[in-house]
């Protein structure tokens, strides 16, 4: 229904395409900005208002709490491992899926999507059902005195699981849209796989790759449901930052909970700004190169 | 690896697929393995310390439920001093908090706790069923292993605008109730049972009438949160409803946070909520921490610890200490108990909270 | 590994492939997928093998569960549609227009992912309950948001928006402006250009974004439970039913309902991937 507005606007002033473009532009920007303000910015402001409700001291006390810092370290560790792992996966999977024809491709693509579609609760539960005391791999793990769930490896695994498809998902449509012509030409000229990837494919997909990595990072930082199931909430050992926030909340420390949340928000904003800088510089160089 | 030609591709492909599959299969296990030494060595260290109490330090894990953090923060310090005097050992205690049922499940699923201090006897009983705790744990400590208790009260807005005094006031039409879902929150089961006890006392123990009473009560529930803390937020921060059915200690915490906005109303009849504590025998044996774990729970009954419980708004189980807190708690409240009035948790669960039982029935149309 | 064999044996006998790297990339894809996703998921079936068909049916056809399927489906669908619309608008203005604050807007898109879902849920509930900033306004015109299905939908819009924007954005960026220019010069209106020239290009990405937002909405738990109200038959979502089964240590019933959810999401995503590849084919054929 909202798309109808620019249409009307442009029909009315069809003789003056520039004016119609402008009207459509301002309407669309207005809609987009309003949506972001209401849906994203207001909740963020709410978080910040709560975080500072009891003053600066409570705020700084909450974010410098040793348990909060340990939780932040664990969250960062899980995020880094998940991003590296999923980027490797994404690069290979998108290559296999977009550059070749084979039967069952849609099936495979859908399997990759599965972690998106699964409730985080189930995602955590499946690891319990494998590695937990009731799981089928438990005796094996016990024999070697290994711990997976309710320990750091379980948290990393759960984080990888929920963010698994991000990079692949971002690259596949892009590479499919790109087509295979350039790669085929390069291959016929005798270039090997790595060269083709680096020299031909990567320049086309690098911004998509960047988006994928950023999405993956953001999601890994904030993941709560699946990690909550496999963590055991051992303070200072297996608490990630989102879990620490939940615990604060459950302990009637709403202000502290929101204060710690703001760490995540700020971390995310820093990453996003970094991305913008990288992207901006990269594109500038590209256009200079073309010139 | 990358420089293969077209002709070699087929052979290469098979090998790479196989090789990489194995490689990737082994990598995460190796990663787990490299993590293991830290876990393993602490476990060994503990094992050793259990056998030779002279060893300098010991670590135990206490898996507890949500609003006990302040209590155990204070108690752990008290116990560390006590244990140092008693055995010369330094003890460090790792705390874990969460919803009671969820916490019990995590222990059952492999979260290694030396002791559990949960909200419901039933949650500990699940660990017994799972073989982690030996039968007879209920009598291992005094007062059915409940060193502190609580009860269910009403939290209302300042001035009590709806004039709520007892259970029959909250089922009146126009009163909005906030309480968590007894199916997802163990604590909320006490709320349900307290209401049932009132209905039974006033309806001449007529079950159909009590069910009607409960039904009209839950008809007034506008938000059925998944946990006690969520319900408190709904009531306190988001201003929903006229009355919150709450644990006494949590109601006191809300008052402490917002002294001018709320007040506590104690109904004529309520239920004695008995949180349970137990040593997780399987884990404590494996780690050799039985002695310190047992003492950790036993010491909860000491005068100092009992006072600490009272200061954190739990009712001390020692009647002398409880009497010292008569300013805080309404001690005239008539309290039913789960064992005497409901035939224990198993019977109560079967009758009220199992799938298709009374709680499900009141929502059927 | 069985999967790898199956795929590679059936793979392409039609024509010789020129591009190298199939074995390597497919090998890594399949093995990582198996280890991280498929093998853990199989344990659901291990648990289910201990559940008799009668119990399975009883668990999944329980009236409360059926009511929850409906709530979850409708809310996730509504949220995905809203996201598809606004996601397209956002991607469009971010790529095609230059205006002050564009970079900030662009940077905000991923924030719903970074905010722990529980915090998002609490913040949204605070905003939309009838004494919150937005809830107050809406309550004035008689719309109750928090603790109703509308509230659930709002939470699902919040968590789903990055999927759509970030799916469409790269495709739009790659899209050559010259076709649009040509269309405009030939006298097409802005809307016609969009519908005839741009939309077919972004359709696969839009579909992907929509599907992912929808599937994610079906499974979401953390942000929804605070704003949902959770009244049986009215505002209970499926993940909550699974949670309450787990709370009763009933792993069989929990995994049964979980399986229904997984199968449903899988079929949705599969359908979308299928349509998308058809569209791709059609587009290639047209060239």
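Labels A, B and C are assigned to the chains in the order they are written; within every chain, residues are numbered from 1.
Here is the rule we go by: a contact is a pair of C-beta atoms (placed from the backbone, for glycine too) under 8 Å apart; a residue touches a chain by one contact, two chains touch by 3 or more.
As the structure is a prediction and not an experimental result, all values here were calculated from the model.
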{"item": "Longest centre-to-centre distance from subunit C, chain (CA-based)", "value": "B"}
{"item": "Contact-richer chain pair [A-B vs A-C]", "value": "A-C"}
{"item": "Subunit B-subunit C separation of Cα centroids, rounded to whole Å", "value": "35"}
{"item": "CA centroid of subunit A to CA centroid of subunit B, Å", "value": "33"}
{"item": "Subunit A and subunit C: spacing of chain centres that average the CA atoms, whole Å", "value": "13"}
{"item": "Set of subunit A residues in contact with two or more other chains", "value": "134-135, 157, 192-193, 249"}
{"item": "Shared-contact residues (touching 2 or more other chains) in subunit B", "value": "4, 28, 108, 233, 237"}
{"item": "Where subunit C touches two or more other chains, by residue", "value": "8, 18, 20, 22, 24, 26, 28, 32, 122, 126, 243, 246"}
{"item": "Contact footprint of subunit A on subunit C as seen in their complex", "value": "6-8, 10-12, 14, 17-22, 24-26, 28-29, 32-33, 36-41, 43-44, 46-47, 85-86, 89-90, 92-94, 97, 99, 101, 103, 105-120, 122-124, 126-127, 133-134, 154, 157-158, 161-162, 166-167, 169-171, 173-174, 184, 189-191, 201, 204-205, 208, 211-212, 215-216, 218-222, 238-239, 242-243, 246, 251, 254-255, 258, 261-262, 265-266, 268-270, 273-274, 276-277, 280"}
{"item": "Complex contact set, residues of subunit B against subunit A", "value": "2-4, 28, 31-33, 35-36, 39-40, 43, 61, 63, 66-67, 69-70, 94-98, 103, 106, 108-112, 130, 227, 229, 232-233, 237, 250, 253-254, 257"}
{"item": "List of subunit B residues in touch with subunit C within their complex", "value": "4, 6, 9, 12-14, 16-21, 23-25, 28, 101-102, 105, 108, 126, 181, 183-186, 221-226, 230, 233-234, 237-240, 353-355, 360, 363-365"}
{"item": "Residues of subunit A defined as touching subunit C within the complex", "value": "2-3, 6-7, 10-11, 14, 17, 20-21, 24-25, 28-29, 31-33, 35-36, 38-44, 46-47, 50, 85, 88-89, 92-93, 95-97, 99-122, 125-127, 129-130, 134-136, 157, 160-161, 164, 169-170, 173-174, 176-178, 180, 183-184, 187-188, 192-193, 196-197, 204, 207-208, 211, 214-215, 218-219, 221-225, 241-242, 245-246, 249, 257-258, 261, 264-265, 267-269, 272-273, 275-276, 280"}
{"item": "Contact set on subunit A toward subunit B in their complex", "value": "128, 131-135, 138, 144-153, 157, 192-195, 232-237, 247, 249-252, 254"}
